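Before anything else, here is the set of structures, which you'll find just below.
Okay, so subunit A shows up in both of these, paired with subunit B first and subunit C after.
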Partner chain A sequence: MMDKKEFRHIGKPLDRVDALEKVTGKPIYVHDMELPGMLYAKVLHSPYARAKIKSIDTSAAEVLSGVKAILTGKDTSHKIGLYLVDKRIIARDITRYQGEVVAAVAAVDEATAERAISLIKVEYEELPAVLTIDDALEGEILVHEDINELDGGGVFFPQKDSNIASWNKTIVGDVEKAFEEADLVVESKMYLPAAAHTPLETHVAIAEADPYSDKIKIWTSAQSPFAVRQLMAKSFGISEAAIQVIVPSIGGGFGGKAGVHLEPLITLLSKACNGRPVKLKATRREEFNQLPTRAAMRSRIKTGVMKDGKITALKVYYDWDSGAYADYGANVGRTAIYSGAGPYEIPNVEIHSRTLYTNKVFSTAYRGFGHLETHWIIERQMDIIAQKLGMDPYDFRMKNVLKPGKRTISGEIITESTGSPSDCLKAVVEEIDWAGYQSDEERNRQLKTGKVRGKGFALLHKAPSMPTNTATSVIMQMDGDGKVKVLIGAIDMGQGANTVVAQIVAEVLDIPIEDVEVVWGADTDKHPYDWQTVASKFTLMGGNAVIRAANDMLGQMKEVAAQVFRCNVDKLRHKDSHIYHVHHMDKSLPYSKLARGYVYEDGSAIGGIVIGRGSYIADGLTNLDPETGQGLPALSWTYGAHGVDLEVDVETGDIHIFKIASAFDVGRVINRKLIDGQIKGGVVQGLGSAIFEGYIFNEDGQVMNPSFTDYKIPTAMDIPDEMVSIFIENPEFDGPFGARGVAEHPMISVPSVIGNALYDALGINFYELPLSPENVALTIVNNTQKY
Partner chain B sequence: MCNHNRKKDCFEYVDSQLPRVPLELVVNGEKVYELIDPTMTLLDFLRNNLKLFGTKEGCGEGECGACTVIMNNKTVNSCLVLAVEAQEADILTIEGLSKGGELSILQQEFIKHDALQCGFCTPGMLMSARALLDRNPDPTVEKIKEGISGNFCRCTGYQSVIDAVLSAAKREREELR
Partner chain C sequence: MLSKFAYYKPESLEEALSYLEKNPRTRILAGGTDIMLLLRRNVEICEHLLNIKGIPEANTMSYTPNEGLFIGAAITVNEICEDVGIRKRYPSLSGAADNLASYQIRNRATVVGNICNASPGADLAAPLLVYDAKVHIASTEGNRIVEINEFFAGVKKTVLKENEIVTGVFIPDVELGDNSVYLRKSRIKGHDLCNVGLALRLTPEKRLLMAIAAVSTTPLRLTELEKSVEGKEITPELADWIVEEIKKYMNPRPNSVRSSAEYRYHIAGVLIKRGLKKLLEKEAN
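Then we have the complex of A and B:
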C-alpha cells in the first residue's frame, strides 16, 4: 500500500545539491586535471574505412626528443568488448573504420605527441569496405573474418560467416496466418541516420599503470567506473581489485561514456612509460569520429489490423548499421525484441533485430538506446495505419494500448504497478487540444498562406536494458552530530542522482536535507558497487538500496535506544532526528547521542558507530529465449507520451514548434525541479535527432561532418515556444515511494511526434530522419508534383 | 617545433618557443602582468598561466561557447582570441562573477531554476547571460535566446536557463530602484 502521508522532502523542488559548485565554476573534471609527472597522449587514426596495414615505421617518431612511448597494434594482443569481445585496443593488420586507432604516442606535451604522430609512416592497402546495410547483409566482405569465434553468452547471437553481430528474435503466435485473416495489411520502410551524443566534455582519461605489478589507477570521464574496472580486468586477465577507477565531475554522458573507451589504451601507454601518468583527451573531431555513435537503422515493418482497429499481427525487421565493433550495439539491437512493438498488445508478433557490422565508426548506447529508433518506426506506423483505416490515431492507439492483465510481446504480464500509457496519452492529447486530423480543405486553405499548422502525438515505453543480475549498493555513516555521509557507486552526470539520494535519505531518517551529504566523486576503491549509471535505473534501484541503508541505520540506533529505555525495539519510533518510545514520548534520544554509541552518565558506553548498508538486485529477470524472445527482461517499465502543435513553412521546410507537451507515468515525483529538467532537456535532445542531426558519410565511408561547424545540435534559438511537463503518478509497487526512472525517456518518440504532426499539417508521411528543412522542403516538392 | 594545426588537434596548450611578449590586463578585477608566448590563446592563458580552470574548452573552434568570457564588456570565445589581443583588456571569468562568499543574483537564479545539469557549459552560459544583462537589463525571451544562442547545452534544453535569466533580470532591476 502506498503511504498517503505528506512527505517532508519527497516531491519537493529542492535545489540540486551540487548547484553551488557548478555556478561558481568549481567542479574539477578530468579535463582540468594535472598530475605530477603526467605525460600526454595522441593517437593516429586510420584514414580508410577498411585497409590492410602493410607496415608501420615509427623510427622517426622514436628519436624525437620528449617522446616516451609509441604503441602500435603489434604491441598488444588484448581484445576488449562490452558484450562481444571483438575490438583490439589498437588495430592490428587491418583497420575497420575511418578513425580507428592505429598507433598511440605518449610524450612530455601534446605538441610533441602530435609531432611524433605526424612522423609515423603507415603503409596501407585500401580494401573494399562494407558501407551499407545491404552490403553487410550480403556478407560478401566480412568486417570480422573471425566472427565465428565470438561468444554471445546465450544473450547475443553472432551469425556464422556473416556480418551479423547479433540476430535477436521474438516470435509469438502465427503472423503469416494473422496477415491472411487481417482486414488491412500496412507495410512501410523507414530509416534514421547515425547520431552523436555530443557531451560538452569530450572523453578524457588519465591512467597510472605500475609496470612492476598489476596495479592500475584511472581517472576518467566515465559513466560506469565499475564496468571500466570489470572489462579491463577481463581484458588484461588481472583481478578487479588491482584496478582503481575514479570519476570526478563528468560533463555529460548520454550513454556515450558507458562501457570502456580510452582507458585500456592509456593504461598500456602508462605501462610503457614506466608507470608515469598518461592523459588522453579526445578532441571534438575524435569525439565524432573515433569514439562511438548511435547506430543508423533501417526498418521494414508490416502490420495486420482488423476493421475495428485491433492490431492482430506485426512483423518487423530492424537492421542496425552498427559500425565496426559491437560494443553496446548488440544490446541496442536486443532491446528491439522486447520493446520494439511499442506499448501495445499484439497477439502475433515476429521481430528480427540484426546488429550489423559495417566499416563505419562503431555505435554504442545513446539515451534510451534502441527506443528512440524503434519508436520512430512504430509510432509513425501507428499513424499511417490509422490514416488507412480512417480512424482517429488516438482511438486507434487506445484500442491497442497495453493495460493491466495484458501481455507484452516477450510474455510479461502488465499489472497496475507497471503504470498507465493510456493516462499519458490522454493527458497530452488534451493538452494540445487534439480534435482529429485536419481536413484537406483546411490544409489547402492554409497552404496558400505558405505556412501550415499541424498537431500530432506519440506514445512510448522503456524498461532498463540490463543484465539479469544488475545490482547497486549504498553505504552511509552517521557523524557524531547526527549528520549523514552517503556513498553510492553511481555517477551524477547532471541527472541529479546525488540530490535524489539525499532526499530519500533525509525522508527515511526524517532529518533536514542539509544533514545529508552524498560524497562526490565515485572511486571503486572506496565507494560501494554499482553496475553502471545507465538505463534510468538508479532512482528505482539505488533509491531502494538507500531506503534499506537508512532503515539499517534506524535499526541500529533503535537497538541501542531500547537498552537505554529498557524496552523492546518494536516499541520505538523515529521522528525529526530522534528515536522515541511510542508510549512515552518523553523518552527520546537525538540521533547525535546514538551515532557513536550511547554514553551513560557514569561514562560507560554501549552500541557503536552507526553505519548503514543497503543493496538492491534486479531479481526475477531472465534471459530471453533465443528462438522466441520470451522471458522477463524488464525490471520496471516507464510509459510516456508527447503531443505537439507546430507549423511548417512550405517553402523552406522550417518547423516552428508552438508547444510540446510530454507526460510520463513516473510513479512518484521525487524532485519536481530536477525531473522537469530531465523532461525538457530530453525533449530538446530528441528534437536534435528529429530535425537537425545525423552523420553524413561519403562513398568511401569517411565521416563528412565531424565538427560542431557541420554537425549542429539545438541551440536556445531552436526550442519550442512552450514545453509542458505532465507527471502521472500511478505508483510502482517496488519503487522508492512509488517512483520509476525517467531520465532517458523524454527523448524517445520526439522524432515520431514531429513526423506525425507533419502529416497532419501537410498530408504527407515522412519515413526518414532528420526532418531537416532541406528534407522537409524536398519531400513537399516531390509530393506536390503528384497533384 | 610542432607544426600541426593545434586548434583542431590539440586541447592542451603548446608553447611556440617564440620570444616572450609582455601582457598586461585585468582579470576579475586584479591586475595581471606576465611575459607570454605570443601564440597562446586567451583560454590557454586563463587556464595554464592563471590556473583559472572554471572556463572550459568544448570544441576549440569557437562553435560551442563553453570557453565564453567577458572581454571589455563583450563576450568572446576565449579559444579564438589570442592572449595578446587582450592587451590592456578587462576580463571577467566565472571565478569573478561573485565575491566574498555571496553569489550574484544571476548565479542564485541559475540554482533556483536548475539552469544546469552536468555543469560543463555553465561557466560559459553564465558569462553570456551576464553580458546580455549588462547591455540589456530588461531582455525579452527572444533576446535571451539570442544572447545565449552561442552556448551549447546538451543537458537542460535551455528553458530553465531562459527562466533563470528572466528572473535574474527582474531582480537586478528591482535592486537598482
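Then we have the complex of A and C:
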C-alpha cells in the first residue's frame, strides 16, 4: 500500500479551474467563431439507406448569387478511415446510409448555402439495403463491394466477400469439452439498440486551406486534435506538419468527437474557395443522422457452470450493427475480445466479435467503448445463471471474480496493482442492504399494491483500448514570479483534465493551485503531442507525464541553486515554492529567483529559463494474437460496481429509482468534487441507455427519431432520488499518486443493474434495451400468466 | 430556413383580418413553438407570417361568474398554470397545462396555439373538450363560434378557413362541486409529448365527461361512451367496463415512434382506472 502521507492538493474537492469562466459564459467555442472572409457550408444528405447516384445537377445552385463552391463525389477521390480506410469524404456513385453526404456548398451566408442545397437535384436509384444483423451476416448484398481491398493491419480482420468489417476472436482452452462436463449450461440471446452521444454542442469546424500549398488550418470541436491531423495527412497524402488543428473550448464529446468528422469536407470546400475560411456546423438532426452513433449489438451467449458456482466455459458471439463505415466501430468490436467476459476468471473461453457493415448511420466510440454493451450481456447472464443455480448472485460473482494471481481471458496476470472488483461489489451490496432475491410470496404481496420494489447489482471493468505505443506529453514554463503555465495536448471537454493537471503540478512543485495555469485551447502547432482524448487514459498517462515535467523543473532549479549554495544537488529539497538546503535551512531560494536564471548581487546571471518537459508512453503492451486473442492489451484496468434499489409501477412500467450506489477502484482520488460529478453524470447517461434511449429505424433504414422530440434522454426529473459515489483506493503502482482513470466507467453496467433489479422486483428477465415504460409494462402483461 | 416571408404585427384585430384576407396562405404566429420548428425544418414554406400578439383581444383573459372564462389567443400556457381561479374551477385544464412541454416553452406557447396546431396529442385539447369549450373565430366576413368538439378535422387539421383567426377560446362556467382530472403518460418524466392524455370530469349531477388525446387522428371527446354510462354509479366494475369499451373509440397509429398501439391501448385503460379513482377521491374531500 502507498504511504498515507498528507497531500496539499491531491484528493481535495477543488473547484474546476474553468468554473468561473464557464459559468460567466466567457469561453469561446467554434460555434461562436467568425473569421474575416468566412464562408458557410451546408450539406445535402442521401434520403436513402442505399442508392445508386445516377446524376447530380448543380446548375441551378451554381448560379445562385453568393454561392462560392459546390462539391459532389466526383470532385474528390480521397478516402478516410480511422482503422479501415473505407469512407469517401463525399459519397460517389453509391450512398450507404440515409444521412450520408452527397453534396456540399460553401456560400456567403448560411441561408444562401441552405437555398443552394435545396436547388441541387440528385437522381437516385434506390437499391435494396442491408438493414439488420441477419442481412449483414447473410451477405447477399455487400455494403462495400470492395471489402477485399481493406487492410486491417493485423489488428482488424475484414472477411472476404462479406459484410464483416472485422472478426476478432479469443480462443482459450476447450469450450466444447467444458460444456459437456458442466453441471449446467445457460444460453441467452440479448440485444441493445444504437444510441446517440447527444453532446450539448453539435459538431462544428472551420477550415482555411491554402490553395497554393499543403497548408491547412482547422478550428474544430474535436476531442483529438492530433488524430485529426494524422488522419487528414494520411487521407490527403501530405505531411502532418502542414496541418494545424486548434481546439478551443468544446461542449462535450463522449467519444462522438474523437477521430475525424467534418474537417476533411470543409478543407476541400475551403480549397475550392481559394483558401477562404469555411465553417460547417452540424444541426441537431445531422448530429443524429449524418454523424456517427453507438452501434446496436446482438449477442448470443452460452455459459457452462459447475454446481458449486464455478464458471468453466463461456462462448459468446457479439454482433455489432455498426453501420456503413468502420470508423471506431471495428475497435469497439476488438475490445470485446479481451474485456467481453467481464471481470471474471474463466478457464475456457471462445469470443467472436464481429463488426458488421449495414446500411445505417455508422458507429463510433461512445463513452464505455463497447463495455456498456458487453456488460449488458455479461452481467444479465450472471444473474440468470445464479437464478438457475439457486445461488445468491453476489456469492456467484464472488466465486468467479478476478483476483491477484488470476488471469484475464487474454492471458494477463492480475496483480495487487490492478485493483479489486470484489471491494467494489462488496461496497455497493452493503450500500443497498442486499439480502438476496425476494421470495415469490413477498413479490406477490407487493404486486397487489401495483408497485414492486427490487434490488440488484452488477460488476464492471474497463481498460483503455489503444495502440500499444500510445503516448502523451507535457511542456511547462515558469514565469518570473514563480507561476507555471502548462501545455498539454489533451482536451478538457468537461471531464476535468485541466484541473487534474493543475493539481498534480501544484502538488509536485508544492505551490498554490492559483500559481498554475493549464493553457486552454490546444493547438497542434504549439501544444505537445497527445494521442487522443479518449479511453479514460489521461489521468494515468498525462498525470505521469506531468509529474515528470514538474520534476524536470525542480531538477533544473536545484542545479542552479546548488551553484548558488555551493553544494551538491542531492542536498537540496523543495517546499512551499522554495528550494532549500536540507541541513542549512536558512539557505533557501524562492522559485521566482530561479525561474529565469539566478542573478547575483553584482548583476551576473547563471542558469536559464525553467521549462519542464515530460512524456509518458504505454510500455509492455502487445498486439493480440489474431487466432487466440492472447496478449497484453491493457495498460490499466479500472473496476467498478453499481447497486440499485428501485420500484416498478406494474401498470405503467415506470421505474422509480430510490438509490443507486456506484463504487470504483480509482486507486487514488485526485479531485473529490470532479470525480463525484464524473460518476453521477455517467450514471445518469447510463440510465439513458438503460431506460429511454435508442435509435428507431423504419423498414427503409431511415432514422425515425433524429431529434430530441423523439430521442429522449434523462432530464433532471428523471434522475434517481439518491446517488451515492464510493471510492475504493487500492493504488495502481504506476498511477500518478496511485490513480486510475474512471471517465467512461460510470455508465458501464448501469443497464444491467436496472435489468437485474427488475428481475428481483418482477421475477421477469429482460433481454432487450431500453427498459422503457412500454417495454416493461407490456412484458409484464405478456407474463401475467406467471402470477 | 428556406422560407422568405413578410412579417406583420398589427395592433388591431381589423388590421390582422384584412391582412389575412389580402394574403392567402398567411401563417399565424402566437407562441411560435410549433410554427418556428416547421419553418426551420422546411416542413412548411411560408410567405406571410402574422404575429397576433399585438392584438388587444388576443391578450385578454377574463372570467365572468355564471358565464365563464375567455382565454385570448395570445395567452400563454404558463399564465394558465399560474391562475388560481382556473386551478379551482377547471383543475384538469391546469393539470394539462402543468404537463405541457417545459417551463421555458410554456412561457411562449399559447393555449389557442395548442389547439390550432391540432396535434392529435395536444395536451390542452382533452380538458377543453370535457368543458365544452367554444372556439371564437373572426374573419372579415364576421365572427363565428365553433364547439371545440367540432373544431378538429384531422391530424394537424382544423375547420379554420384561410381568412380566419381564432381570437380566443371560451369555457362555460362550472357549478360548485364540479371536478375534473388530467392524466397523461409520456416516455420520460421530464419534457415530453404525451403517449396518452386523458381528461375526466364529474359534474355535481354526477355526469361523467371524458376526452382522450394521442389515440386517434384528433383528440377525442367520448360522447357515446359518456351516454352509455349515464346515471351509473362509478364503481371498479364500471371502470373495468370503460377500460374495455374505450378501445373501440381509439385508433392509434400502428407504427408511431412514440408508442406502439398496444401500449396506448394498455395505458389508456390504466389512466381511466386511475383517473376515476382520483375523481372519486377528490369528490370525497
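Everything that follows uses one rule, which is that the second predicted complex is superposed on the first by the 782 of 787 C-alpha atoms of A that agree within 3 Å, B and C clash if a C-alpha of one lies under 4 Å from a C-alpha of the other, contacts with A are read in each partner's own complex, and residues count from 1 in each chain.
By our rule, a residue touches a chain if its C-beta (ideal position, glycine included) is under 8 Å from a C-beta of that chain, and two chains touch if they have at least 3 such contacts.
Computed from a predicted structure; not experimentally measured.
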The answer to whether subunit B or subunit C touches more of subunit A is B
Classify the contacts of A:20 with the two partner chains as first (subunit B alone), second (subunit C alone), both, or neither. first
Between subunit B (first) and subunit C (second), which does A:45 come into contact with in this model arrangement: first, second, both, or neither? neither
Tell me the contact category for A:651 with respect to subunit B and subunit C: first, second, both or neither. second
Check whether A:9 is in contact with subunit B, with subunit C, with both or with neither, and answer first, second, both or neither. neither
Taking the superposition as given, does A:684 touch the first partner, subunit B, the second, subunit C, both, or neither? first
Go through the superposed model and pick first if A:298 touches only subunit B, second if only subunit C, both, or neither. neither
Once the structures are superposed on A, label A:111 by its partner contacts, choosing first (subunit B), second (subunit C), both or neither. both
State whether A:96 touches subunit B only (first), subunit C only (second), both chains, or neither. neither
Looking at A:716, would you say it contacts subunit B, subunit C, both, or neither? Reply first, second, both or neither. both
Residue by residue on subunit A, keep only those touching subunit B in one complex and subunit C in the other, then list them. 111, 114-115, 118, 285, 709, 713-717
Per the contact definition, I'd like the list of subunit B residues that touch subunit A in the complex. 1-4, 6, 8-12, 14-15, 47, 53-61, 63-64, 66, 93-95, 97-98, 103, 107, 110-114, 116-123, 126, 144-146, 148-162
Give the list of subunit C residues in touch with subunit A in this complex. 1-2, 41-42, 185, 187-193, 195, 255, 257-260, 262-263, 266-267, 270
Of subunit A, residues touching subunit B in the complex: 15-16, 18-29, 31-32, 40, 42, 109-112, 114-115, 118, 197-202, 249-254, 281, 283-285, 493-496, 673-674, 676-677, 680-685, 707-709, 713-717, 719, 723
Note: in the complex, subunit A contacts subunit C through residues 111, 114-115, 118, 285, 651-652, 692, 696, 698, 704-705, 709-710, 712-718, 772-774, 777-778, 781
